[in-house]
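Quick one: this structure, given as structure tokens, is what I'll be asking you about.
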Amino acid sequence: MPTQESINKGREVLEEYFGAVPGGGGELDDLMKHTVGSLFGEVWSRPALDLKTRSMITLTALIVLGREPELRIHLRGAHNIGITLETIEEMLLHLAHYGGWPVAVSGQRIAREVYAELDKDE
Amino acid sequence: MPTQESINKGREVLEEYFGAVPGGGGELDDLMKHTVGSLFGEVWSRPALDLKTRSMITLTALIVLGREPELRIHLRGAHNIGITLETIEEMLLHLAHYGGWPVAVSGQRIAREVYAELDKDE
Amino acid sequence: MPTQESINKGREVLEEYFGAVPGGGGELDDLMKHTVGSLFGEVWSRPALDLKTRSMITLTALIVLGREPELRIHLRGAHNIGITLETIEEMLLHLAHYGGWPVAVSGQRIAREVYAELDKDE
Amino acid sequence: MPTQESINKGREVLEEYFGAVPGGGGELDDLMKHTVGSLFGEVWSRPALDLKTRSMITLTALIVLGREPELRIHLRGAHNIGITLETIEEMLLHLAHYGGWPVAVSGQRIAREVYAELDKDE
Amino acid sequence: MPTQESINKGREVLEEYFGAVPGGGGELDDLMKHTVGSLFGEVWSRPALDLKTRSMITLTALIVLGREPELRIHLRGAHNIGITLETIEEMLLHLAHYGGWPVAVSGQRIAREVYAELDKDE
Amino acid sequence: MPTQESINKGREVLEEYFGAVPGGGGELDDLMKHTVGSLFGEVWSRPALDLKTRSMITLTALIVLGREPELRIHLRGAHNIGITLETIEEMLLHLAHYGGWPVAVSGQRIAREVYAELDKDE
């Protein structure tokens, strides 16, 4: 199991990216411990790529693989750290040519929904 | 068919990215005309994302989708515009968690082969 | 950006395929300009494959890749140009063996929903 | 078309796996005849792998390919033959590393929903 | 196991499509019995879609899913029943927009190799 | 970075599975540290699923996703812990229906090659 130190480090990254730790207060199940401790605490926390770059390549992976629920989550992070909808839409036009039109069209619909909802809350 | 103006613009982007237009002198078949004119001339050429960012999200798409021959080609572009192997390897460690370990392990092998070959030529 | 001529040509193809241009009256965003102008105006419009063949290979791609929202859209086009539900179901039985049973079973459910809705409207 | 004997054999396997034949009483369409007769009657019925193993590799395929509606169906079978939610969650933690985190996180959400619903009914 | 009658029917279809039954004389293993008897004998043999249409949607599935070894095999069938390389290339330009450029570029390279080899043999 | 304790635990699992740690003596790069320490030391080592089950679901994921180089590696592990070629072939016939025929046919070819080579060495 990831160490408590890694989990703490992961919580910091999650807070910086999303503005809050998702499901932050409660007990973590094993998959969440690995997500927070290993994925965020030991990978996302590495300084070799900055947070914005990590967000953009994660969004790219989620778009071309068609992973909608996780794309919605990471779009919230992207919005929080200042990646604009214009940037996302430019990525989608580009990625239409590598993952195919359908993932770009779906991605655009989702991105607009998430950003509209978040902008309304501000 | 893409216009000659778009094809010329695409050639410029290809030259900036790869250092040379692949198959540059010859007659273009229709798929290549669309690749050069539409994909590079009308998409990659847009200023809303810089060349390095376009390269990184393209590499990401190719890695997580497991598109090996095209990954080799874009790694040559990445090398040419100064994206280091360290950056690629950091992306691969990150993307292992989104596309799965197998695409990262394969991607690492390919990236090291391409960079070693290009570094030898210099 | 695709030329106005390509966009006009794309609109003609979209009208022939879907019976109407989706979102036809409004201003097109950049992804839609590329969809209408480049994908429909410069690719779907090429005479080397007829509209029915283009529809059938597009449906095939969407089925095996599991792209549901776009499959719904192209099923409307298929219905409009006279591809029968029997043909779609025969394709699904065939494609179950190439893309796997799950994409065929999902595709069948979606195709029946779309055709039932369209037949009701007639 | 699969023989009536294969269809009968398939119905037996479906009953053992799901507790009931889905859509059991009605006329089968052609895709269902192939599903019941060929897939269940001639493949799932083979003794070389037991039912629990077939269920677990099917769940694995559906998880890593992101086939949600079919995953829900097979989770009902898994529940019926005594595969616990703990086993499914352990598989998901493992498969996160081969199919990527997004399919594991989605799979976990779906598995918990299906098991909670089925446990409530008991 | 598929019946001998289905296997015989499948052999007929394979002979019509490929000009010869691959591995025709020998004993079939179980996967081949299902391929010949179930897939070719009970699906490809159905008159609801003609052989050329079945070949084209199979090629489409193999192209967008990036299944190279099987694509090579079905290109031999396509060549045998008179689908021209021009038709395949037109399909690839179209499918670049649905499965992404990389599968189209790879598909084009493979198609040209297979057709060049077969045309040389004639 | 994964702890030394996790890396040691991972080495034990790798040795049990493969009979030897791949690249065992040398310095591990970061991706390998995560592979050995996190994936094998903190996931594969968990007692909730036994080694044979973990191998079978890993093989399943690699087969349906078409990850050939990693499939070859895990087939060596499967062979080492006593999973027979007959079991692998039965899985492939089953998985043909979930991931599609092409991944099963390719998987069969690869499995036979790897097992033949390993059996020859004994």
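Observations, loosely collected:
So that you can tell them apart, the chains are marked A, B, C, D, E and F in the order they are listed, and the count of residues begins at 1 in each.
As a convention for this text, contacts are C-beta pairs under 8 Å (C-beta built on N, C-alpha and C of every residue); 3 or more make two chains touch, one makes a residue touch a chain.
Since the structure is predicted, the reported quantities are computational estimates derived from the model, not experimental observations.
Comparing chain pairs A-E and C-D by the number of C-beta pairs in contact, the larger count belongs to C-D.
Listed options A-E, A-B or A-D contain a single repeat of the C-F interface, assigned here to A-E, on the basis that more than half of the contact pairs agree by residue number. Look at where the CA atoms of chain C average out and do the same for chain E: the two points lie 24 Å apart. Centroid to centroid, with C-alpha atoms defining each point, chain B and chain D lie 40 Å apart. For the pair chain B and chain E, the distance between C-alpha centroids works out to 31 Å.
With centres set at the average Cα position, the gap from chain A to chain F is 30 Å.
Across the assembly, chain C contributes 34, 39, 43, 61-62, 64-66, 93, 96-102 as residues in contact with two or more other chains.
Of all residues in chain C, those touching chain D in their complex are 66, 89, 92-93, 96, 100-106, 108-109. Looking at the complex, you find that chain E touches chain A at residues 64, 96-102.
Chain F makes touch with chain A in their complex at residues 1-3, 34, 38, 42-43. Those residues of chain F whose C-beta lies close enough to touch chain B in the complex are 29-31, 34-35, 39, 61-62, 65-67, 69-70.
For chain D in complex with chain F, the touching residues are 39, 43-44, 46, 48-49, 53-54, 56-58, 60-62, 64-65, 86-87, 90-91, 93-95, 97-99.
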